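For clarity, chains are labelled A, B, C and D in written order, and residue numbers in each chain start from 1.
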């Protein structure tokens, strides 16, 4: 995942190549997260921006066993979450991916359901977030150049009303412009990056820090 | 595991194809669960319904190291648990699979022996079950459309008297018609689904939630 | 690991075939245990009996990274632990394997260094052993047909004086004839079986139960 | 990783072969550590000495996803940390590797970011180090022949001022000449060995002992 996949809305051929390449990478990433236990039971969803304007996302279709995630399970959706290419229902959380991609100008948005994101999003729900400070691992977060950083991961209350949840997420992202991710309570972690490689790095860093935090509390 | 394997009792050839296909899938699934540490030491057993009426199950033979589970280790049994095809002794818990398949009209029944199912089935034995509420992961359970769901996993006391245990399981399943699984105390988890893919999803969801619960209690 | 490798002291050719086959199986098993984190840092040692009388063992040579364990790392030793075939130093704990193989008439002896065997062999050192009762998983131990079994895993104090340690182990095995394994304090687990497959099953069962026990104490 | 790669400063051809071979081994090792969760989110860095005098290190370039670590990601640097061969920025911690390689006359220096090194380097920061005694696993550390050994892992306060941090590390290594590794607080573990295989063994042993220690405190 070294090269940045070129997005070119004026060249449909380049867009098709980008979609095929992103689908392949999303599938590889998804299977990798599955092996870590971060997306069991068909949970989790992953997206990559194909073109920013108009917004076109490559996103996992709904209900796929991530151990078998393949390029054929990736759909292309527009900025209303409507399917443009591919077969299947788009992820139920497509509106969240669109909201995050827009607000953070992200190239990729990743959502995992790990044990520790579930444990801590519940334990710290009253506080409204989890604070993680002083770890070298924080330096892998975009724009952070020192371990002497205090990262606040907001906890957003979960909801099945997806438009309402999208608004709650947007509201949280606006109130915490420096946050590199957020937790949905008793649900999981959302994070993003300028491209898929950076988003993957953010997932690994935040999941790692949540686990360190979890073991440190006892 | 995307397509639903067609069951057709009136076409023996289709039944043979279904048995071969289910055997292959059960073997893949078993080796996957082994790698997660959920079926160590030849524990665990997995079945898939070949035909519902008369009831014919494809089920793991007894005492197989799940790291090496192969189609040749899968037997076909009838509704008394008698072996119709394949060589080996059927799983000692075949009667439980038959009971569950019948009562829940399941397409597949899966039984794992994980660390957390053992820890929690013992810790909550006095309460008679484990209650898990409010997690998004619950939405992956059949018929559940919201995280605002309270799942009760009954704990059935373990026994070596298999007919008696089967009755205790049937009794529990009748008293808790909404339960998507149950725990055998100091033994493990049983769950099922309309087909093998759905049952696998249920295993992953329930094992995940048990681990979350286990880490949350400390 | 399904067939029992025939041991025939009267047929040298069969013995050579048995040694080659056991070497291959020991290597596969060792790499598998490494992936579980049970034999990190060149720890652990595994043996299989080639002939019982005279006693000839196939045993791992000393200091091998178990992630790379291959048949060429397996030596054949006699009942004094002297190398008969293969190159390398035999495992430092060869005398323990010989002691266990003899006293328990075992076909294979396996020794792992897991996190939980280390944690619990220390926590229960004062008690002299770890008691594990009532788990279905105990049924996978040789001769055990019910979960209503109380398994006592003796804890032997570690020592660098290998002959003395072998005597302490023999003494413990005689005092606890029903034990299916023992722990060396702050060192690890020893278990055995009639053949390599059974010994592997015992390792998995005991390591599993130690982890369950470890998580239950908190 | 069985043979010791010959270092020969007088034979440039041999040096090139050594660099290529070490690059391959470093890449294999890195991907292995990634699978254990010890170098997530592009963290971690690994080096091997190509020639001791003048000092030439093969070292991981900065910001590489260790799941994809390949020989092309390994650079050759001189004793000021300047890149002599390969493309990319050298690891930000190159100065630490040089300091350790020199002071300990090491053949390889490895740095991991595990959960337990982070948890314990923080928990014991006030004590200035973590003491680990009496474990058989300690025998795998260079020069240690008995479990009756007390290993002190100094904790050095983390810093982004790399020359200052290198001095702090050198100071700690001089004050604790017997230490086989050290922890950077809320950062990770550094260890080394006469060659890459020995350094890998040290990583595995120390990470194992940190995890044992972590589970024993509760």
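Throughout what follows, contacts are C-beta pairs under 8 Å (C-beta built on N, C-alpha and C of every residue); 3 or more make two chains touch, one makes a residue touch a chain.
Just so you know, these numbers come straight off a predicted model, no measurement behind them.
A.B. asks: Quick one: compare the interface residues of subunit A with those of subunit B and tell me same or different, with half as the dividing line.
C.D. replies: different
A.B. asks: For subunit A versus subunit C, what separation do you get between their C-alpha means, in angstrom?
C.D. replies: Each chain's C-alpha centroid was found; their separation is 45 Å.
A.B. asks: Please compute the C-alpha centroid of subunit C, do the same for subunit D, then give the distance between them in whole Å.
C.D. replies: From the centre of subunit C to the centre of subunit D is 32 Å.
A.B. asks: Send over the residues of subunit D in touch with two or more other chains.
C.D. replies: 218
A.B. asks: Determine the shape of the graph in which chains are vertices and touching pairs are edges (line, ring, star, complete, other).
C.D. replies: ring
A.B. asks: For each chain, which other chains does it touch, given as pairs?
C.D. replies: Contacting pairs: A-B, A-D, B-C, C-D.
A.B. asks: Name, in rising order, each residue of subunit C that touches subunit B in their complex.
C.D. replies: Spelled out, the residues of subunit C in touch with subunit B are 1-2, 32, 36, 134-137, 140, 145-148, 197, 200-202, 204-205, 207-208, 211-212, 215-216, 218.
A.B. asks: Which residues of subunit C touch subunit D in their complex?
C.D. replies: Checking each residue of subunit C against subunit D gives 37, 40-43, 65, 67-68, 113, 115-116, 118-119, 122-123, 158, 160, 184, 186-188, 214, 218.
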